[in-house]
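In the two complexes below, chain A is the common chain; its partner is chain B in one and chain C in the other.
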Partner chain A sequence: MRLTLQMLISHGRVARKMGMGPQSRINMLRNILTGLVRHERIETTQARADEVRFYAEKLVDYAKKGDTDEKAMKMASFWLTEKDLVPKLFKVLAPRFESHPNGYTRMARIPCTQNLDRAKMAVLEYKGNPFPPIYPTKKQNELTLINQLLKGYREERAQLFAAKS
Partner chain B sequence: MAAYAKGLDKLIFSLRSLRNLQLRNERGLSTSVCRPSPREDNDPPKFTPPPKPVVIDKTQTVASMRNPEFIPPRQRTDPFKFSMERKDMVRRRKVLNIPEFYAGSILAVTMADPNASGKMNRFVGICIQRGGKGLGATFVLRNIIDNQGVEICYEMYSPRIQSVEVLKLEKRLDDNLMYLRDALPEYSTVDPDMKPESCSTSGEVPVNKIKVRMLPKPWSKHWERPRFGIQGIRFDLCMTPRQMEFVQKWAQPWQEYDMLKEYDTSRLEEQIFSEVQREMSKNFLPHKVSKLNMRYFFAVKVTDPNEEQRRCCQTRMRSVCPVSPYRRCLHTAAAVIVIVSAVAIVAAVITATIDITSVSYLFALSPPNPRADKKIVLSLSLSERHNANNTNFTGTEETDMAWGGSGGDDDDDDDDDEYEEDEEEEEENHSLLEIICVYF
Partner chain C sequence: MNLAALVHSLRCSLLRIESRLLQAAGLDRHLAPALAVNGPSLLPQLQPQDSIMWMAVPKKRRTIEVNRTRRRCDSKLLKVKTNIEPCPECGHLKQKHILCGFCYAKVRKETGQIRYQIQAMEGGPLRAPIEETVVLYDGETAGPQDKDKRIVERPRKRPAWFSS
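The block that comes next holds the complex of A and B.
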């Protein structure tokens, strides 16, 4: 093989190197994707989560084509190693994301590293999953002084406005 | 799981019945779940098994197969660059008719060549590869002439190409026929005096399903490996089944499922081809374009390696850009201005003492125009050796050689005063100050 400089320079390469080669990389991503489809929220390393995110969204795009589509079925059966998840993909996930054009997944990086190897972890989930949200919305406490004053101010303004009109 | 299975069955059945009508129109499928056709009561309805579904997996549209160089590659470059290129491609196509052809078609290309007798050379060959995108799109023609295999790679949008004729329009089983180099020579020979064959009446391009016999191994590339995906070679004649199995070691079956490698260009193609069609239908000019006129005079550094060739072929070469009358006026106006300025420069230079910096400034004033076809050359090269303080520019026909040659003939006596004044400056500017202008 001709050893060109282009082979050493990785400009424009989007696929990360993972595992022991391209086959190993695809197998690893397959496993993670299967886990994601089964549990809808998983925790992995940040790099793997980032790679799987693309494939997860593309898989849902294929699922949206419907299970009568030959190509979609082949893709689903290749990527999901556990075959009982194939109907789940087509029956549960595809209808869920019918209204979304893209962006079916959410990735959140996790601060604490409980691992021995201090690997940076991330959580990857499909939107619309039944678990509590990763980013919980903080509810404002209405009973604090400032919030009460603001509430009163807003009510007065509303009254004035109503009185004028 | 059981619930899934039940629901699945019902759902599939209902889906199928819903899609029946749709499918029948699209794919010509007639399933058994359709309305009963009117038949005689004597004959029981014959069961005709439904035909196998035809999977038409078209990732590339027809238009893109015909002209693949219009579709930009998957890059981070600005699409504006590609749209600019497309404009130029369309302009060229309006002048030169580039017909539809594929790998496997037989083409005849005439190209302008300064060294050939009659200034043109014609080459007939089979197209083995179409590569490149945009203006750099190329195609390679192969033929065997006097027992010597010859491959010529032509740039489709090169101004040297005078005509492209398709003698035989057909497709092959592969897009890339580079394996013909290792095939028997009979498969690459094309008669140079071949007459154009009439194309088929239907719109479809005929596919030649020929399987080529190869020379004994070793080949230039391992054509049997799955990464090339060649269908058009008779492997059964040159390789044993054991060898074929061994070759599967290099197969990468996961690649067809790798979604990262997919590049869906359908939407992009629609946009691009609609734009191209619009441009082509606008101002469609006849193929014969008027001869080149002298259009531009200005100062620009010429760094063209094909200068000489261009000079020879000037009269033959067609202009790329059609010029409207309004533009012609502008051009002539610009030309006049530049002539006047050139004359002024010459006068200034002759009368006054040479001030190198001022000369360069004057020249820099006139803006360069990259689309000139005929040009004037003024070359003043000032160097110590040649003492080129002379300014006897006569404005006559061009001289390629540097002025320094004629400068040696002049006497130094006349220019002594000037020379002394400028000696200091000359020492500063040791480097050759070359202001080469365009020449007629």
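The block that comes next holds the complex of A and C.
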């Protein structure tokens, strides 16, 4: 190979390198994806979670085609190394995301306290999983003073509007 | 009678005494080697292109002022993080783009307990079910939307941060 300067400089190259080469990267992502489909919520490093996200969403897109489709079945059986997850993918995950056009996964960063090498970790999950939510939903309390005042104001406005018309 | 011989012998003895005295004083210059071994006849000469003559060496001592400016320059000082804020739920500090450690630890623990229950229900590896899962706590019954789902019972009160 010609040792050009372009080979040493990586300006603008967006593809990530993982493991010991492209084949190793695909195998690693396949393992992580199998774990995600089985457990529906996993913790990995941020880079791996980001990579797997793309493949997870593409896998659900293929699963939506239905299990009679040959290409979809081939993809599912390649990407899921544990074969009892293939029916789960087609019968559980595909109907769950029928109404969603895209965005089946959620990724959030975690503070790195557990691991020895302080690697940046992220949690990746499929939406609609049975576990408690990682983002706490803000509950609007009706009984706070401000909310009661606003409620009264809205009612008065509605009464005035009704009286006028 | 042999005067020349006598003078010669005297001269020799005097020279010997002189050399012995010089040796004792250390002023003689014979330079005889203490140990003689077989070796190359020429001593290895240092060529002018050898590195020992061209090594970089500091010319002057760096003063403490110069040292201080180098050690305390902007790139070596610790950076101040301005993205730390208190979590609105628990009040522990968190970074803006990262989940709160305390809240996530609670969620993680509960997830672990639910998974333990699921493992006990499945009874072995590679037995993923073909239906959805729903988690029910103490005193809760399955509603109409939980018709076709596998129910996982957790023997405790529902935590406040896990609304169904």
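Operating definition for what follows: the second predicted complex is superposed on the first by the 149 of 165 C-alpha atoms of A that agree within 3 Å, B and C clash if a C-alpha of one lies under 4 Å from a C-alpha of the other, contacts with A are read in each partner's own complex, and residues count from 1 in each chain.
Rule of thumb we're sticking to: a contact is a pair of C-beta atoms (placed from the backbone, for glycine too) under 8 Å apart; a residue touches a chain by one contact, two chains touch by 3 or more.
The shown structure was predicted, so the numbers you read here are calculated from the model rather than taken from an experiment.
In the superposition on chain A, contact of A:K17 is made with neither chain B nor chain C.
In the superposition on chain A, contact of A:A108 is made with chain C only, not with chain B. Of the two partner chains, both chain B and chain C are touched by A:K91. Of the two partner chains placed around the shared chain by superposition, chain B is the only one that A:T68 touches, whereas chain C remains out of contact. When the shared chain is aligned, chain C comes close enough to touch A:P136, but chain B does not.
Touch criterion not met for A:K151: it reaches neither chain B nor chain C.
When the two structures are aligned on the shared chain, A:Y55 is found in touch with chain B, with no touch to chain C. By the document's definition of touching, of the two partners only chain C reaches A:H39; chain B does not. When the two structures are aligned on the shared chain, A:K127 is found in touch with neither chain B nor chain C. With the contact threshold set out at the top, residues 84, 87-88, 91 of chain A are in contact with chain B in one structure and with chain C in the other.
Those residues of chain A that touch chain B in the shared complex are 12, 14-15, 22-23, 26, 54-55, 58-59, 62, 66-68, 70-71, 74-75, 78-79, 84, 87-88, 91.
Interface residues of chain B facing chain A in the complex, by the touch rule stated above, are 1, 4-5, 7-8, 11-12, 15-16, 19, 53, 55, 57, 75-76, 252, 254, 257-260. Per the touch definition, chain C reaches chain A in the complex via residues 89, 94-95, 97-99, 101, 103-104, 107, 110-111, 114-115, 126-135, 152, 159, 161-163.
The residues of chain A lying in touch with chain C in their complex are 38-39, 41, 82, 84-85, 87-88, 91-92, 96, 108-111, 113, 123, 130-137, 139.
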